[in-house]
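Single-structure report; data block below.
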Amino acid sequence: MTLAIFLTLAVISVITALLMVFAKSPVHSVLYLILTFFTIAGQYVLLNAQFLAVVHIIVYAGAIMVLFLFVLMLLNLNKDTEPQKSAGWKLAGAIAAGSLLVTMVGAMHGSIQIAGAEQSNPQVGLVENLGKVLFTDFVVPFEIAGILFLAAMVGAVLVGKKDLKV
Amino acid sequence: MSILLLFSAGFIVEKIILISVLFAITLGVAAYSTYGERKFAAFFQDRLGPDRAGPWGILQPLADGVKMFTKEDFRPNEAERWLYILAPGAFMFVACMTSAVIPWGTQLTVFGTPVDLQVADLNIGILYILGLSSLGVYGIMIGGWSSNNKFSLYGAIRASSQMISYELAMGLSVIAVVMMTGTLSLREMAAQQTGFNWNVWYQPLGFLIFFICSLAECNRAPFDMAECETELIGGYHTEYSSMKLGFFLFAEYINMFISSAVTATVFFGGYNFPGLDPNWLGGFMGPIVLFAKVFFFIFVFMWIRWTIPRFRYDQLMHLGWKSLIPLAIFNMLLTGAGVLYFGK
Amino acid sequence: MSLLLILIPLLSSLAIFALRGANVRYVALAAAVANLAVTAAAWAGFDSSAAVNHAFSAPWVPQAGISFSLSMDGISLLLVALTNLLAPLIVLSSYNRSFGQDARYYGLVLMMIGALNGVFLADDGLLFYIFYELALIPIYFICAIWGGDDRIRVTLKFFIYTFIGSLFMLVSLLWVYMQTNVEGHHSFAWTDLVQVQLPEHTANWVMLGFFLAFAVKMPVFPFHTWQPDTYVSAPTGGTMLLSGIMLKMGIYGVIRWMVPLAPEAMHTLAPTFITLAVIGIVYASIIAIKQSDLKRLIAYSSIAHVGLIAAGVLAWNKTGVQGGLIQMLNHGINVVGLFYVVDLLERRLGTRSLSDMGGIAKSAPRFATLFMIITLGAVAVPLTNGFPGEFMLLNGVWKYNFWAGLAAGFTIIFGAVYMLRAYGLAMFGTTNDNTERFADVETRDWIVLGAIAALVILLGFFPQIVLNLTDASVNRILGAVQI
Amino acid sequence: MLEVIRSVPVEYYVYLSSVLFSIGVFGVLTRRNAIVVLMCIELMLNAVNLLLAAFSTYLSDAQGQIMVFFIMVVAAAEAAVGLGILVMIYRNTKSTDISLLDKLRN
Amino acid sequence: MQSLTNRSRNVVNKKMNFWERIYLVAILKGMWTTLKHFVRVMFGKSHTVRYPEVKRPFAPVWRGWHVLKRDEKGAERCTACGLCAVACPAEAITMTAAEREKGEEHLYREEKYAAVYEINMLRCIFCGLCEEACPKEAIFLTDRIVPSDYARQGFVFGKDLLVEGVEPEKRIDVSVRQKHIQEKKWAAETAH
Amino acid sequence: MKSLLILFIGAIVVLFAGLGKKKGLLQPLALIASLLALGASVLDLNMGDASGLNERYADMFAFDQYALVFTAVTLVAVSLLIGLTGWGFRTLSDTLGDNLGLILFSVCGALVMFSFQNLTMLFLGIEILSIPLYVLAGSRRDDLASNEAALKYFLMGSFATGILLFGMALVYGATASFDLTRIAAAISDGQHSVGMLNVGILLILIGLSFKISAAPFHFWAPDVYEGSPNLITAFMSTVVKTAGIAAFYRLFAEGFIGAQGFWSTAVAAISAMTMVLANTTAIFQNNFKRMMAYSSISHAGYLLLGILSIGNAASNGAGALLFYTLTYSIATICAFAAYMVVAEQNRDGSFAAFNGLGKKQPLLALMMTIAMLSLAGIPPTAGFFGKYFLFTSALDEYPWLVVLAVINSAISIYYYFKVIIAMYFSREENDYAAPVPAGFRWVMLTALVLIALLTILPGSVYALI
């Protein structure tokens, strides 16, 4: 059962990811990517990481991709103005990515094992558990992420500002 | 708990029935909200409102529905075909999904078996709602964009930026409640507010922010920028007609219903009311109380709509970013201090 | 004392850069003379029996075993003396020319002198390397700013040749350094480096690295291609520095660093090196004969002479090394004199071409005499300073290998041929318009040329002054290195 | 409970992530529209997230999921800045084709 | 300047204090206002009239659809003098005069009559000047509403729509307003 | 940690001062923040845990000696750069506060990268460093080249982040932790999936190579460096590189030391490729900034030699990196400072812009000369010691690589000397000499003094670690 759900989701996510890459219109790409994100959220649920799944939806589907759509729509970029890269270039890209995949999988194949597989704490993905870890062990990175956000915010505002002078 | 473990036949049947009932109720409430809206609008304006279809016009929603179905289904030539069709469906779907985690009551005893009046007790229920409400943007954006009409696009962009902006303040105000109650599950939240021990007494500011944000999230007046007729004709659904338009309108009322339910559950004790045990009447007392609250909030939504003039767009954004979000953060700090001090 | 020799020129060069006045040339001269005085004092206080004199040592990067240590033995003193003897002459000889911004020129010259002193005094491998490279920068600027035609290309070629060469030296030096072990640390001290026993294979590479650096500097055939061009295009002061002192850095490096650090490779590589040196002698001499440009001729003669010195030193026997040392001093003196003469001729006649000269001896007899003396010194006529050096060198090479000695002997013959030919063409024969009006030497020329001529004769009569000075040191260094 | 989850071998998650990651890389290499490139990068980050979540569950260790949150944080910040840059460029060129910007090369 | 009504307010640009700036009080006041209306309607005090079935009485001064009156015998009073057309500020009235033939005395009171009399209801501003200008008391404005139409042509009302019927039951009563006007006049005169 | 806090607070103060239109205060404020942070880190040097604030924070940070010295080095560079902002940012008057604030934020990221003990921190540090820089690279908003630089930098940076993260995820899967010590322990235990670990390390290596622009992942650097505003280019080629390489070293020395047999070959190959590619390409550049970009890439190649010294107890690779980054930073800043003035005189970015500078502005030319000599590593400039320390640190294990590095430094002379040749030996093209702003004078003077000090006492810095 679980395996079947996993495989279904996996197949859908790979297909939609490919469609995302190959879609001519950027808006379609965005929508395919959102579908991919939903399947990934499904995988999180399968992994009993519900909190993660919901946050994933909120952040990626709910915020980031909306931003993408926004920009696409504001700039009205859907016209197929994107000049396609040459076939050779595409082939090169495919070979590069393919060889990356083959190398990675080949190098890992057969040696994938998880060190702590004997421990079993199915509650690990629940929000209480995550909260404890986040606010004890990982509180420093949590604070540091604040700097990151502040910087990104200032940066985004700075970039987005229209020039006041002239 | 993982969803996977729960697959048992009885469980599934129970849930399917519950979902169907809930779905029916949702649609019914939404339908009659349209009626209510028109009726209340009339009352606020010293009018009577629709009163021809049936006694007091009670069949008006049916008539509207029939009209929607029978009108010409028009699709602009330059529209993106599939997205144009997809958008209202997506909007509607997201709106309907949200009701899954709201605890409508404690338990109902039907034929001797207790039935939870909640489709899924996710322990992150409130996040689920926030997540889904953030997805509502897509229907609007896709619809507005795929119509290939600049007014639709403006409407869509306005609506979605408004929703995104207010979602932040909304989330922050909810977090304050979460800090206080110590749970993300709506069920637990409702269970905690027995009697008159409602969260709103502890979180008046949080409630205010939440409520304003839910107005904005539902694209309701005074934040109905998206369909600001004087500027944008009909907003993102300018080009829609027939039942596709109906879906959009309908989904907005569903959203209003759900956000009323969430407001009632999070801040106003859910199915609790002092003196009224939710288990009375075989468990029906809970839903009755909750629905009473929900209807009250729906009324308030309409009341506000017919009282307060529409904001200008920049005012809306200023309110969201410069007032509500700082206020929500302040509220969070306040709550944190309170939790620390009282050790609740 | 050692530190002073470096600091005086370096600091005064900084002062000159800062002063920027028109009269910096006097400051420069004063600094050079002061340095000469310090050298004299050092010589006076020199104790040839001691291993090192006037040692100065301060830790620099103790963690990496680098120290700022200077010391002086006979060989160092000889070269320091050469440097500081020539320094005032070079400064003085530059008075004849305006450099636009004098401060820069004299500052660079003094900087160069400081660096050269550092090279000869350094007792630490890395310090040696640093001074070795530091010497390159001022001479690069001197040549590239005030040089003749095509100076940028020529000087860049010169710079890159020498720099790449010295980088190889650095690698070799590092290699040896990595083998040292003094209380858990590596060390750059000469005494520590010398003690390293390298396997023969490695030693070959190490020596090759050193050799590349020094061969470019000397220069030895076939690494000499930069040299004639650079000499010709450089201003006289620069040429003097290059030929008079900088060449000696290479030979000094061979004696002090290359052979002691990788003696194991001498068996394998020395024959090759000596062969190259000898080929260079013959090759350069033959070309020199054909030259009509006086400066270029001297440049080629310099290659020939240095080839001989290199061959002698590489033979690594006492006669050879001693001969090399004395010849370094003498060649420095002679070649500076010759270049001064060339400069004087060029200044007066506007040309360096031998075909445009002739009959100067008639109009300027005193000049002709001084030129004669210096030429004879360069030709190594007995009783001039060139003779003992060349003799000992030939002797050394001869001891090492008969045929090499024979081939090297050509230097003297060829040298006599081209030098005398040049002298004859310039000084005798028929006068032309230019040379008829050739005025005789002025006071400043008198001082410079006179001093050089005096040295030529003095050292020709008393080579023992030098030989005594270096004798103990050469013994020590030969003893320390077992081949 | 855990047995149910673990009926999917962890290798599958690794392979799935690798495939998604490679698709993202492919997109970055071949597409010219900057927005699509940015989306491909987001896909890569999501492959990472999936991998981390899978490891986290199989290791019974919450760190992996915490890391996912940080990645999300960064993805959001990057998206904001990146899209800001795109809008800025669009103001100047009216295009987001990255190869249009290759004027510097010459 | 003395204000005409007691509802006017002077604009005060004073800086709002904190409570005013958060608007909550003002909003609640507004809500209270609307709620009052709501409650009033809930308890039956709606102003709505179920129109076709129930009609709201007009004000006595209401001026609507013109009528061309007949005299007691049923003859048209209009003599096509054209004073109404001259008086009309909107120039909505046109007419064509004709001479009365023998045997038409019961139709037209004077020898001259309007063969064509048209009022363009789209131009008419219902000012009532025609009424005042008429020397024959032939034209009056009544309390009837001009019906709507789909075409512009339909708003040019000819005699078929203007002249009242002959039968007594088809006569149009204009007495209400006339009486009101008369009373006003008397009141004004007595005041003097 | 103190430095981090000071910088963060300083950044916020500067932001608010910028909002308050206190333009005159901005540069001094930023400078004060940077100098205070520098002071704090220097005071804590050699104190170990004595100051209390400097040890580990929940196993996330370790402000140990290593972190502190690199902090100090970076802050020296940052202070110098801020000294240049007065004139360098003069066209950005309305966003000056934001830009300075972003620079300080970015430095916060660098500090995190020096001190991380956990891959999470490394990742966050990299992002805090990079995100402000994406913006700063495009801070000349109406200039297309600047825009392009921002976009390219952003895309490549995020791409690299993705690769890096995939690597981190695999390492996590193999070792069950993000903590460096626990990763190291897991690797030495041998109880891990070798395949996953190796792929992970390789991907991290690639990601970091992107960040420090090592070949073959350097292709973005020239465009970005050329397009960015001069000051930001200087920042990128100094602070970013320092942070990248320091983090690189810490990660591989403390986390992946057990797998050295696997990655050292890869690092060596990358190093060799970087040096050769960058130097040979740099020769053909006619534009100064492009040349500096390639030179910066080549320096990344040299710096990787320091990584290769990991595990060799006899060599002090960290000290070598420290010294090298310091001298390299100072020289680069000097070069850019001089170039900024020159670019003002002569809009042409090619070497011809320097023609006749030696006559026109001797001091500027002298600074440039010293900077170029130092970059080329010509003795006795401080740059020589940097190269020397680095090369010796790797000589034991990789003699062939050191020889290659030496050959490459020889090649590099060619292009560094192009500048010197233009300055001293070419005729000036216009006689307009822009006055050197006061801030530049001070910065150059300070840099000169620092170079001199480093030349005289290289050991003082080298031995700090």
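Order of writing sets the labels: A, B, C, D, E and F. Residues in every chain begin at 1.
Definition applied: a contact is a pair of C-beta atoms (placed from the backbone, for glycine too) under 8 Å apart; a residue touches a chain by one contact, two chains touch by 3 or more.
Every value quoted in this text rests on a predicted model; they were computed, and no experiment measured them.
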{"item": "Between subunit C and subunit E, the fewest steps along chains that touch one another", "value": "4"}
{"item": "Which of A-D and B-E has more C-beta contact pairs", "value": "A-D"}
{"item": "Chain nearest the overall C-alpha centroid of the shown protein atoms", "value": "F"}
{"item": "Intercentroid distance (Cα basis), subunit C paired with subunit A, Å", "value": "69"}
{"item": "Centroid distance [mean C-alpha coordinates] between subunit D and subunit B, Å", "value": "32"}
{"item": "Inter-centroid spacing, subunit F versus subunit C (mean Cα positions, whole Å)", "value": "42"}
{"item": "Contacts with 2+ other chains: residues of subunit B", "value": "2, 4"}
{"item": "For subunit D, residues that touch 2 or more chains besides their own", "value": "1, 4-5, 10, 14, 21, 24, 38, 55, 59, 61, 63, 66, 70, 74, 77-78, 81, 84-86, 88"}
{"item": "Multi-partner residues of subunit A (each touching 2 or more other chains)", "value": "1-2, 46, 48, 51, 55, 63, 70, 74, 104, 108, 112, 114-116, 122, 137-138, 141, 145, 148, 151-152, 155-156, 159"}
{"item": "Footprint of subunit F on subunit C - complex, ascending", "value": "59-64, 66, 126, 129-134, 136-137, 141, 144-145, 151-152, 156, 159-160, 163-164, 167-168, 170-171, 174-175, 177-178, 186"}
{"item": "Partner subunit D, residues of subunit A touching it in the complex", "value": "1-3, 6, 10, 13-14, 17-18, 20-21, 26, 29-30, 33, 36-37, 40, 43-44, 46-49, 51-52, 55-56, 59-60, 63-64, 67-68, 70-72, 74-75, 77, 81-85, 89-90, 92-94, 96-98, 100-101, 104-105, 108, 112, 114-117, 119-122, 124-125, 129-130, 132-134, 137-138, 141, 145, 148-149, 151-153, 155-156, 159-160, 162"}
{"item": "Touching residues (chain side subunit F, partner subunit D) in the complex", "value": "119-120, 123-124, 127, 131, 134-135, 138, 141-142, 144-145, 147-148, 150-152, 154-155, 158-159, 161-163, 165-166, 168-170, 172-173, 176-178, 196, 223, 226-227"}
{"item": "Subunit E residues touching subunit B - in the complex, by the definition given at the top", "value": "27, 30-31, 33-35, 37-38, 40-42, 45-48"}
{"item": "Subunit C-facing residues of subunit F, complex", "value": "314, 316, 319, 373, 378-380, 384-385, 388-389, 391-392, 395-396, 399, 402-403, 406-407, 409-410, 413-414, 417, 421, 424-425, 457-459, 462-463"}
